[in-house]
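Before any comments, here is the structure.
Each chain gets a letter, A, B, C, D and E, in the order it is written, and its residues are counted from 1.
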Amino acid sequence: MTSATILDAKTAHIASCSRRNRATRYGIYLAIFLVVAWSVDVLIIKDTDWARLGNGTVGRTVMQFLNVDFSIVPDLLWPAWETLLMATLATLLGLVLAIPVAWLGAYNITPLGRFSYSIGRVLMTLSRSVHEIVWALIFVSAVGLGAMAGILAMAIRSIGFVSKTVSEAIEDIDYGPVEALMAAGANRFQILLYAVVPQVIPVFLGNAIFEWDINIRRSTIMGLVGAGGLGFSLFRQMAQFNYGGITTVVLAVLVLILFGEIVSRYARKAII
Amino acid sequence: MEVQGLCAGYAGRSILKNVDFKVGPEDFVAIIGPSGAGKSTLIRCINRLVEPSAGTIRFMGRDVVGLSQSELRETRRHIGMIFQEFNLIERMSVIDNVLTGRLGYTGTLRSLFRAFKHENVRHALTLLERVGLTEHVDKRADQLSGGQRQRVGIARALIQNPKLMLVDEPTSSLDPKIAREVMRLITEISHELGIPVLCNIHDVQLATEFCSRIIGLQDGVKKFEGTPASLDKSALDEIYAMEVL
Amino acid sequence: MDVQENAYNKRTAAPTQPDATWRRFKYPQSLYRYCALLLVLAFLAYAIQALNIDLARLSGFFGRLGELFSQRYYPPDLDYIMRPKYLHSVIETLQMSYLAAVLGIVISVPVSWLASYNMSPWKRVGYPLARLFIMGCRSVHEMIWTILLVAILGYGFLPGVLALTLFCIGFTGKLFSEAIEKIKRGPVEAVRATGAGELSVFVYAVLPQVRVAWAGISVYTWDVVFRAATVVGFFGAGGMGWYLRESMQLTALHDVAAILLSIIIVVIISEVLSAWVRKRVARAMA
Amino acid sequence: EDCENPKALKYSIIPTQDTVRELALYKPVLKLLEEETGKKIEFYMPTSYSSVVEALLGKWVDIATLGPESYVIAHGKDPSIEVFATYYKKAHGVQPAGPGYKSTLITKKGSKFDSIESLKGSVLLLVDPASTSGALIPKSLFTKEIKEPLDQYFSRVAFSGGHDLSTIAIENGKADAAFVATHRFMNTVDAGKAKVDDFNYLWTSPRIPQDPFVYRSQLCPDLKAKIKKAFLDLDKTPEGRKYLDNVDSEKFVSMSDSDYDIIREAGVK
Amino acid sequence: MEVQGLCAGYAGRSILKNVDFKVGPEDFVAIIGPSGAGKSTLIRCINRLVEPSAGTIRFMGRDVVGLSQSELRETRRHIGMIFQEFNLIERMSVIDNVLTGRLGYTGTLRSLFRAFKHENVRHALTLLERVGLTEHVDKRADQLSGGQRQRVGIARALIQNPKLMLVDEPTSSLDPKIAREVMRLITEISHELGIPVLCNIHDVQLATEFCSRIIGLQDGVKKFEGTPASLDKSALDEIYAMEVL
């Protein structure tokens, strides 16, 4: 039925299609590369004082950092625990607050159409745009110094990430179960509960754990508002120029996050 | 149930073209036709999972096409549906999957805590026994084989005590013996409850064996309607005519 | 329930008596669940007490917050952010975040492949190393990276860009590898069954499945990196963070508000832009 | 009476390099303060000036230690923030005795930067934007000397985040010149990170008053008097002496708002 | 190909118990058995998508079970596989999906840039025509109906020029006419290339019609092996005996 020439023509056509696709793709890569080159030129090549980097001080400073000071480890135990508590509270609070925001901000289930969708999106953007340092300062005015301001600041930041990822997960759930429940005459809330929630729970919990470890990291700068924890320890080491001590505190944070990874591995197995 | 002048399509492309048919009580109607003919689309129009673009669907004395959202929900409760791709909730247990069939009758608060009525749970267990899944009651749906999943889907549809069953290839993942059993089960229920069944099926032999009437669809157009006896070679040839291969 | 339905119930229930004592949670599990719930509550109470959190301070929280915004942050001092010097620093911040994001994402692709549990081509050594690398990057806050790198490399954009790159790897690497861990196994098996090598499996079975997710994560990452870039200037690593710090230190909250406004404007522009880019990319990838 | 007499006093201090060295030394001081006032003391040690100022403005803190400049800013926003005392420094190296210190411009000895003129086009380090000696005085008083804004005279002006960081940056050659406070500079020297003889001192400012200890003036007068007394009498107890030694001071002396006018002259509103 | 004493299972639960059989050149072997018997597991053991726990699989003169990773890759090239759930790459076009079948033969650099050889593209187009998908060449795989997808999967396996075909229910989503055509196509290719086919199939009738030998599996144990002619009522009863329903 089909002659060899038609086949050849089609083959050539497909080859040219992929070539055209490739051309646009390479165009995009080139554009990315050019902007990178420009930025490298302005920010790095022109800005950096290479002579100063070349005179060996870099190596010396790095060596100072590598000279880890383990003598301060006992002083880090309680702050590490405080950090863990703070991060946990902040994450829990953030998750609770993120659920309604995610619900508003997912276009396929938002309750009032464009209106509530926009509210959800604005909340997400706001929470993520403002850095936790600024949030912390704001909450110092509202609740005073101490761990609470730090926890609130971290929780607000958590909302943005969790609600965004969860609402995206909601937007690309498998529609089959939703249809099955629709066909059974379930109402919107029931569909949400039975077809949407089970599908996004892995994402939600996965991100909860991710957010928890981001919050451990964040809590290390919450010393700014008197929240204590490893952040304060870090500041002490910096103030005393104990480079080795700084490394120790950073390692302590790493240990906490490693602990988070192990917990998350187990949690994931149990849930998913 | 009666369907008149039904048209439907996806994104401008029309798939179903002016399909009419009637389904009487206890009718077991099979829809056969080549792949891509629009069989699934037709089934899904009946309970408006696909929105028809024209036509009427009379069911329980009303036109399904014109119903408001809450009336549609009310109507869908009475239509059990079995899907080609199962559409189970993967991360829930088998029994919970079956129980979701009762959601249309369950209050919001009860469904929040998964506190289904005791009689529903019993009913679900009975149905699961009937489809041979007693051992798997507490397994998660994603741990089942294809055939096992399909049977969960069947139990979910049956627990609705439907007044009409829509079935989209119920046997495509089942071995021939179970396929027969399942078809028999559906026929039995249809007789017990006196409800009609509308069923997509590839296997013409199964269709002729179990169904009381057969509709042949080709390229969105009804090409045949009649009893299994009247489905002869020439009718089959017409239904599957366009296929290339 | 109508008569017919009851009749049906009786008939189907008749032949066998299914276990009427079925419970969703069987005995030990149900106990564990209550214990877990109790533990969580006890933990909350303990944590609040251990951190000296005085919940009474929350009374009047929203009122104070409202007052703070309406009187001390509002109105934002728009002249402050319209100065050419400030605007220039915004451009620099954008450049920094762009550069760091591109670098970080490029590095993250192979690293996250190595660090994905299901697809890692080198499970014994590559997997733990890649995980540790990502975790190390993530365990240090971007501000602390900045302080450390400034101490090592001196002031300027270089430590800023590097700090943001490391931050980006910690973030993207984790999300990328998780996206890989979520892919469907079917296509992977199909491609493996053809005898393809690991790289081909990655290109044909993994990439097509994660492409859209990765594009989304990348755009999002740039977003996150930009927000982080707004503060690396705190410690002399360039960009608008310097202005933010100055106005915070001077408690010039109207200026702070204006700076935040400018950040939000950039973020919104970028969000609109990235939504558009993502749509284009998704279409181009189709 | 229309004054505040809270059950517990909230006291906040910003840890500086010298105060953070021995956290244990704070405990006795707080205990003395507790004994003198008869109140429970809640102690906060955040690491940024701005959060203490915000907390003061929000009335979440009753007593605080601020930087001279952050005090002037806070006082400008809320005049009820009242200074009552500060340290009286011991003479030590480049640091003179008295309730104040000086800002001095340092360069590395032996480098080509041995005069103010030679610094043109070099890299200058300030401490942070709100630091008095490390940013403000240089910006106001030193520019009178060079008759040009800092960022025009120098090729680049950066912030190090600390006096010690600035000192070490000069020592390591990461920057060419820096303004540091004399007492902070001596801390760095004492810590063994630098030597007095390693540097050129190209310019020195008039005396800048030490970190002010403030309370909110709404507190009841007798309470305020007790607080003030507790600090002024600190050198009379052994624990207090230890604390004062740690910050290289002899005693606390009484201060008033006008002592900080030099900061206002330097351009802070 | 020869399988001896094959055992396999998932997470401690053993599914296949000591299965032996031989497949000669041009043999078309059907594996039948009830749902959950382990048919899919058996097929997937042959190219080690499921790792066997014991036994040997001799193919092309080697034991597949003991092969190193790179040898296994080399061997898999010669084994075409058609999946029950299609396993297409959803976001790629039909032709690209077919071309992935050539990956085992394509250099790393070429595959990185999707630069398949011209002759492969031609071959792919020929195969797509053969399975009746010429119109859909540039469509994305996720826009196809079940039947269409299955045919893409078949073309992907065929483009490997395999020396053995593993087929997991190739017809479960196809209508009876296409199902026959597909079975005929596979038989044809098997004869053309002189290669054996091992095929899971539910439809006993199709099995007896097309296959030269039938293996009956029940609960992981081989219960029957013989020609279609010898598959009588009692053999069928034994294979499907355990089923409840």
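Keep in mind that, in the parts below, contacts are C-beta pairs under 8 Å (C-beta built on N, C-alpha and C of every residue); 3 or more make two chains touch, one makes a residue touch a chain.
Note that the structure is predicted; figures quoted are calculated from it, not measured.
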Touching chain D and chain E alike are A, C
Count the C-beta pairs in contact for every pair of chains, then give the pair with the highest total.
-> A-C
Chain whose average C-alpha position is farthest from chain B's own = D
With chain centres taken as the means of their Cα atoms, state the distance from chain A to chain E in Å.
-> 43
Rounded to the nearest Å, the gap separating the Cα centres of chain B and chain E is 30
Distance between the centres, which are taken as Cα means, of chain D and chain C, whole angstrom = 39
Could you state the distance in Å from the CA-based centre of chain A to that of chain D?
-> 37
Touching at least 2 other chains, the residues of chain E are 85, 114, 134
Would you pick out the residues of chain A that each touch at least 2 other chains?
-> 49, 52, 61, 137, 141-144, 146, 238
Among the residues of chain D, pick out those that touch two or more other chains and give their numbers.
-> 50, 54, 57-58, 123, 174
Go ahead and list every pair of chains that touch.
-> A-B, A-C, A-D, A-E, B-C, B-E, C-D, C-E
Using the touch definition up top, name the residues of chain A that touch chain B in the complex.
-> 176-177, 179-187, 189-190, 193-195, 198-199, 201-202, 272
Using the touch definition up top, name the residues of chain D that touch chain C in the complex.
-> 49-50, 53-54, 57-58, 70, 73-74, 77, 123, 125, 128-130, 156, 158-161, 165, 169, 174-175
Which residues of chain A touch chain D in their complex?
-> 49, 52, 55, 57, 60-61, 136-137, 140-146, 149, 223-227, 231-232, 235-236, 238-241
Chain E contact footprint on chain A (complex, rising order) = 1-2, 7-8, 10-11, 14-15, 17-18, 22
Inside the complex, what are the residues of chain B that reach chain A?
-> 47, 49, 73-81, 83, 85-92, 100-106, 108, 111-112, 153, 156, 160, 166
